[in-house]
Every structure is written in structure tokens, then in C-alpha cells.
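Lettered A, B, C and D in written order, each chain numbered from 1.
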């Protein structure tokens, strides 16, 4: 493949990735939005159904917190599918089960890709692979660090950040990054455009009713994601008293002003892993990969697991309820208690 | 004053701050240094005297952790003066008491300035002011955020970061920043050159013998400083068991590989404030500002407080020892126990 | 009740901070204004400090913007980049600056007097975070005693940006759209800035002063709003809370 | 003892990780190699995972590079930018990549087969963090079964950079000085790269294979080191610890 295309701008002939930039990196437009975002510390307890109905429009660009099938806000992801949201853009920053559910629900039509069709050591998602190979979703190519840094640029309030990855590769050519030169050293950098999602959902361990959040274990890019996104929904394993937040302010990793709504969803990362709480349900994830092989079987499975249940609690019960959760807790704690 | 100077580089006529860039922002030179920095998790307990003797050369560029007179590694600062280190460069990122001690000891001959001659609500340092007004130290002008972001660029391993402050002002003109244009939006940015100090000293609450550190309260820029600096010394209120670090890995804010030496120094931020431990000794700081008015009185005071004592413990005893510390703890905890 | 100029300025500033807003403050009068506002007008005002403290319950006035008080029972004890980036992202409404000189466009000098940078006649504390906050927060306010040397059309050094040369020059320089000086609160008057030219404009005159006083104590020609209000003097409630709760030792408001 | 190709490759990789080094690994064979190395050769090897886990005491093999195991009793549970920036700063020595195709300069394709990006014949998982780690860590290693379709001089897509077009082209493109592919470990041989041309060069041949086998199963002409060693087969200790402690369920090494 040809390496890169050349811009005709006045800065000289610099390389430029040729795929589409799905979101606007303009920091002044983002600021104009953030200027009107509430900073009032008011209670924000909400319902999954309402939040998905009111805060995601068809065509929005969304991002999901966590990594792979770890600490993911499954209840929100299912509800997006259940409400048949359409034409969503998606930040595919090692999004595995979350992406795969959304693409099974035909919610996504464009995606910034780093890693979306694999499920890590578990194998590949046949349905996600079909979607990508059939060309039904538009892709722009990135990497995990690229998307991390794009979110960081947005969180910092700047329109780009210079980085030393992706240079010289087809990954760059099929990105929407640009090559720039350091004004001090003359070194070449990839300029990563800021990514301001319209909507993000993040699952955390603890939050108060205002949205001050605590997360334990690897945080991936979620703190930057919470700042970069225009609308943010938090699902949390536990609501904790506000006074507890003030008792240890070092532990707050997402401040309330980033957050538009909070929903307490115990076991909210199921079938994914929630660090220090419960391990992933490997049987359930294996079933997903199996039924995905046949589109018809997949539809039946989606009907049973998502469309046919009224909410996330019914889904949890369908898959073993509290007894299953107890088993997954034992696995998380490396306890032989099956 | 004239607003900015123009570069003759090929990128076009862009504005450029005209003061000296004291350190090299080249990320490949920094990488070449870091390549050989030990990543071995070995015990690093050291002595103040040895560390200052062996890890700071005359002419080095140094930075001190904390903010103002809060969480500062006073023992290291005193020892630098006691050992008559000379011609040091300094990162003056709201450095108040630390800078003022070092300039009283005539250790510094160049400084990146954001805030060095004030002591916040306590007033101005007459001696630091004399040093600056007499032109005996070379200055390049920055701001707190600028120096923060310069350290962040270094910590990220890149030679610059684009920011939206200092534009249009004489602060920019007397900096060593450059103006650049965003390749996506055409917006103007200040490019902040990465700052890789030769040496940094940071005072923390807890560390294990390998240098894994915990800090409570506002962290200022210290996590980036620890990563950006070539050699890093940690003084800590307490050494804690390594197992305790592994019990709550979320609390580690500086990983061992950044750290070259660890010294346990209880009350190590005195006369500064150590959050959750003891408040600043306002009487002592007032005395500093008073004796500074007269260069001769200042010399006598330095003799008594620094040159004439053998180490930091003798200095603590000279200023009230454990009984004083008890009083400062009471003030920190807002307890009426004078 | 009787009051002094500092008390007046703090009370006026407090009224300008609406509920649910965010404000980065330093030590001294700005912190007092924010605390007073929280106690009377804006219980939900979120106070930030540039060293990292976010929304503390301030038990006493901080001595340093990084001391323990600035994150006492706070909702977050974060970092300087965290706070500055929150400003840069457009989530901080207000900040306060001090300075030795200010011009008609609200540009502020807190660096030096003289014409030789390397050997200034007088060196002041410098920017600290002032330039950053003036660049990145939506609205900058200043409380200062007014005299013709301080209010000058020739700054020795522009430390922190106001509207630079007026009009759109601030934004053309690359500073964020829509930001800039908002209120200059002096012992004599309250000033804003003309929407188009960005020239300093008197909005209201404080009790006991005349138009003449205000102009005579300013080194450049002031603009005047169509309707000049009389600044409302401090209420008894404002003074009581300021003196008894916000600054009980009268460190800032004087004895 | 008998051993299979996967066991051999893991043992060779483990020997290449020296004590006191840092390595970012994924799931599977790379993680097994790092764990084996820690248990025999390099107790002080620091293992990092790109989602944020740093130096865990791995109780079992992780299923995901972000699952609980990756920061089990770790020294830090950090973030993706934290780990990637540690790499970018030059503090990470090794990483491992996988891929569907590799060329003579160590460039790797893990994205797609076909010539139409928007409609590939086959889509693979893509970069994930592979490009980042290959760009930013000092030395990249790969473990793979060798055949002439996989080792090709025409990649359908360069996902992760090797030495690009050889010589200094990698550094001229802006990638950090001194970084690049280090060892390609296959079932048949261990390859490095020529210092000048950066062309893939055979260093040692594995037990049971010949020069002819190695070249026949490679789609481009290989260079040969002046002295070609015989790869040392896995020791009994290596195999015992790999089978009993590192991968007791034989997920990776097979049954």
C-alpha cells in the first residue's frame, strides 16, 4: 500500500492519514459545550432506561469505559441495543464484549478502531468480523495508545497531542492523524486529534449521588474519557455516602462535574470482570462466541438475553442470579468455592 | 515591550519566546539516559549527605517537589546549601521557601521562573528579590501551568506539548516557548518544551525501600516530576513494608523505577506543611522573612540554622524538636492544644 | 454599618459568583469573596485551588494555595495539571487576579517595573498561575485599590492577558474564544468592558465617590455604561458573616 | 525431555529477558515466557500490561491484559497512558508481538489480508497496542510458526513498524532512535537483524531443522550470521516449570 498522502497546506508537504476524522477536535467548540454543562453538585440518581433514551441520540458518537470485558457498563450497552439506537459512532479502544454486543444490535455504523473483533485470549468474534469484512461500518484505524492520547488531548482541552507511535506504517495511512515537526528539535511526530465523544458510559466501584467516583485496579483511559466526553453516565457497584468521598479526597478519580447521571448497578460489569468484586463469566462469553457463528442463532440469543428481558436484573437472573455471582466472586478471589 | 520575536525557520514566520532554554527537550537524548537507568527493584535506602554529594554536580539543573512551603524535602535543600553546591539551574514552579533557602546559599545561577520571590499570603522574600533585581541569576519566564506541562511533556516522552496559556503576553516573549499552529484546526498554541531536570528531590508520606511511593493531599506536579527527572531522591515521612504497597496498588503514585535513593526523614517538610501530618511553622517562616532584610543578619541565621548544624535532626532540635512537632500536628488537625 | 474598602470589594465580588459556578482562587481577598458567597448567595459554588484542591470545606483561610486547608474534606485532592486542564477544557467560570498595573484592556502586570527584564527596578512575584487562569478561565475578576499609576495605558510588562489590544486581538493571539476580563472591582467603582472594543467601562460607582474621582484616579480615559448604577453598599448580613465567619482574625479585612 | 514448538519458543524467549529488565506483554505465549523467565533466570524482571497493571504477582495466566490478574498484588494499578508513556519515555526494554505476516525488516501485519481496506478479504484483530509497543519499546520480539506465506516480502498492511524499509528509515520516519525488532523466534530458528541494513538474519537453528528448512519456509532471502549457532533445546528445568507452574492447565503449550 502507498505510504501516506500529502497535504497541500502552507506548512509544507507533510504526511496525513487519509481516513475520516469522525469527530471535531476543535477545543473552542468543546469549550462552548462545556461552558453550559452544569457544575452544580446536585443529586443525579437516574434509571438506565431514561438515561439511554434521553442522553443518546441516533447518530451520536459514543465511547464505553473499561478494557476488553473488564469493568464495562453492561447495563447501558444492553439498553442501547434494546432501544435500537442507530448510526452510532464508536471509539474502539480495546472494546471487545461491549463493541460486540453493540454491533450484534446493529447500533454502530462508524468506528475508530484499535481492537474490536478479538476477545483477547478467548478468540475472535465471528459476528464483529463479518461486520467489518462486509464493509457495513466505516473504519478509521488507530491504536490503543492513539485513542488513549486522543482522549487525553480532549481532557486537557487542546486539539491535538504529539506522539511517537504509528509513524511509518499503514496504521498511520488509514488513520486521520497528521505528521508534524517539533519546533524545538525538528523531530517528526504524529499529531493525534482530540476526541470529544458525545456520550460515554463508565462502570465504577463506588460513587456518591453527585457523581464523585472511585475506581480500583487498572484505570485504562477512563479518567480522561470522563473529562473528554460531553455527556457522561456512571454505573456503579455501590453508591457510597458523600461524607465518605470527603473523608479521603485522594481516592476521587472522576469529579462530579464530569457526570450527568448515576445509576447503582450491582454486578454491572457482568459478564465481564470487575476487579476485586467478581471475575468474568467465561462460560457465558464462550456461548456468545459460539452463537455468533450463525446469524440466526445470534438473533435468537439476542432475543433471549437482551430484547426479551425487561432490564439488566432480569438478564442477571436469567444467567444464574446471585448464586452465579457468588461463584464469580470466588473465582475473583482465587477461592475454590464452586 | 515588543511583543515576541520571529523565527526564520522554514515553517513560516512564527512567534518565539526570546529567553534561554536552559535544558534540552530532545526526547531521544532523554531516552538514551533512561535506557541505562536501573529498573531493578533493589533496596535504595541512603543518607542525605551521600545523596547530595553523589547525585548533584555543580552546574546541574534541579527541581524540588511540593508547592510553596508544602510537602518540601527540606533536608535535601539544606544539605545542598551545606555542601555549597554551585551554579545550579532551577525549576521555579511555585517554589517559595525551597528556592529562598537555595538562593540564600548562593547555589543557583539560572532559573525558569513562575513564582519564586513570594511566600504567598506571608509576603515577599527580601533576599530572593535582591537576587532577582540585581541580575545575578539568569531568568526565563514561565507560569505554573507552563512548568507543569513542560514536566508532563517530559514524563510522556515527547519534546513539547501544545497549550493555550501565555499567548499574547510578555510572559511569552520572555519565555523560551514557541508559537505553533494546530494541523487540524489552524488554532494557535504555545509549544511548551519538555523539561527533563538532572535531579529532583520529592518528599512523600510513605515509601517502601525500593522507592514505590504514596502521597496524600494535592500532588501538584510531583508525579510528572518523578518521571521527567534523570535522578530522583525521595525523602519520606515513613518507610512502609513492601507488602503494604502490594496490598493496595492503586495508591502507588511514583513507581520504584523512577527512584534512585530513599531516605526516611520524619518531619522532613518542616518548616513547611505536610498534609495530614503537621502544619507549617509560621513563626519560623516569619523569622526567615525578617532576617532576610539584612544580608549580614541572614548570614548569621544561615550559620546558626544550616551551616552550623551537622544534619536535619540537629536543625529540628534547634527549632523545638518533638515538642514543637506535637504543636504543629495539633494545628494541622485544628486541635486547640498549644 | 461602617465598612472599609477591602470589605466593600469582597462583598461586591461575592455577589458576582453565582450558585453552581466554579472558581479558582488564590489566598487572601479572592478566597474570602468565594467563602462569603458560599455562605450567603451560592452554597453550591465550587472553589478550586491551583495546586490541586477541589471543593474543600474550608475550616480557616489558607496561607498557601497548596496547604492542607485547600483540600480539607474536599471532594478531590488532585494535581496542578488536573486543575489547569479543567480550566483549559472550559469547565471553570471565574478566577481572580491581583497585580501592580492594569490597562484599559484589562491586561495585568504582576512581574516587574522597569524596562530591563534582566535587571528590573522592582521585581514582583510574577505570574505563578495568574497568566494561566487569566488565559483559560471564562471570566477574570480583579479587586484593587484604584489610582492613576496602577491604572495605566503603558504596562511595563504584560504578565497576564486581558483583551490585549482590544477587539478580537485576544482571540487572534490564540487564547480561548469568549474568555477575558469580566469585572474590575475597586474602592471607587465597578468596571466591565465594552463588548466591541473591549475597553474598560464603568458600570457602577461606589458610595462616596463621584465620576470625577473615578476618572481622576485612572491613567487612561474610561468608557461609561449608558446607565451608571450606584454600587450597593455591603449589607449588614454580608459584613457580619465576613467579619465573624469568613475572616474572624481580620487578616484580610484589617482590624 | 520431549517438547513441542510452542514450548521451545517460550523457553528461548524466556532466556532473552534479562534480570532487572522491563517487559510489556500480552496474554498467551509472551506472558508465559515472561513468567518462566522470572521463575528461572530473572526474578527481578518487571512485567507490565498495557491496561495499567505493573509488576503483579501473577497467580494464574491472565485472560485479558486488563483483567484482575494483571494487577494482582502489583506494585501499581495504573492506566493505559501511564504504561504507554513509560514506553515512550524509554523505560521499557522489551515487548512481544504476534501477527499474520512479517517481512525482512520485521514489519508486522496483524490488521488484514486483501487490498481494499474498507472491504478486506480477512480482518484480523488489528493493532490494539501492538503498533504502540513496537514503536516505543527498545526491543521487539516475536514468537511464531514459520512458513513462506507468513514470512513474506509483501505485507498486505504494515500494522506495526519493524525497520520499515531498512537502514535508518525507521528513525527517519520519526520513530525513537535505537528501537526496533530484536529477535524473531520461530519453530525452526532464531533470527535477529543486520546492524546496517536491518535485514532479517538467522542467528541460530533449532534442533531438528536445517538451513534449507529455514530458508524454504521463508518468502524472502534470509541473511545468515557469520557464525550460526545451534539453538539450545529446552532444559528439563525449563520444561518442568513451564508445564507445572507457568501453564499448569496447558492452555498455551497444548495438551
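Just so it is clear, a contact is a pair of C-beta atoms (placed from the backbone, for glycine too) under 8 Å apart; a residue touches a chain by one contact, two chains touch by 3 or more.
Keep in mind the model is a prediction, meaning the values are calculated, not measured.
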Shortest chain-hopping distance from chain B out to chain D: 1
Residual chain clusters - chain A taken out, nothing else repositioned: one piece
A-D or A-C - the one linked by more C-beta pairs in contact: A-D
Centroid-based (C-alpha) most distant chain relative to chain D: C
Distance between the centres, which are taken as Cα means, of chain D and chain C, whole angstrom: 57
Chain A-chain C separation of Cα centroids, rounded to whole Å: 40
Centroid spacing, where centroids are CA-atom means, of chain A and chain B in whole angstrom: 37
Distance between chain centroids, defined by C-alpha means - chain A, chain D (Å): 28
Multi-partner residues of chain B (each touching 2 or more other chains): 27-28, 157-158, 163-164, 187, 189, 216-217, 250
In chain D, residues with contacts to at least two other chains: 71, 77-78, 81, 88, 136, 176
Pairwise touch network: line, ring, star, complete, or other: other
Chain pairs that touch, as defined at the top of this document: A-B, A-C, A-D, B-C, B-D
For the chain A and chain D complex, residues of the former touching the latter: 1, 19, 66-71, 94, 96, 113-118, 120-122, 124, 129, 132-135, 138-139, 141-146, 148-149, 152, 163-171, 174, 179, 187-190, 216-224, 273, 275-276, 279-280, 282, 332, 334
Interface residues, chain C side, partner chain A - complex: 19-22, 44, 46, 54-55, 57, 71, 73-78, 81, 85-91, 93, 136, 138, 176-178
Chain C-touching residues of chain A, taken from the complex the two chains share: 27-28, 30-35, 37-42, 154-158, 210, 212, 227, 245-247, 249-250, 252, 255-257
Contacting residues of chain A [partner chain B, same complex]: 7, 9-12, 14, 21, 25-28, 157-164, 178, 180-185, 187, 189, 191, 193, 216-217, 250
Complex contacts: residues of chain D adjacent to chain A: 26-28, 49-53, 59-68, 70-71, 77-81, 84, 88, 107, 111, 115, 117-132, 135-136, 156-161, 164, 169-170, 173-176, 251
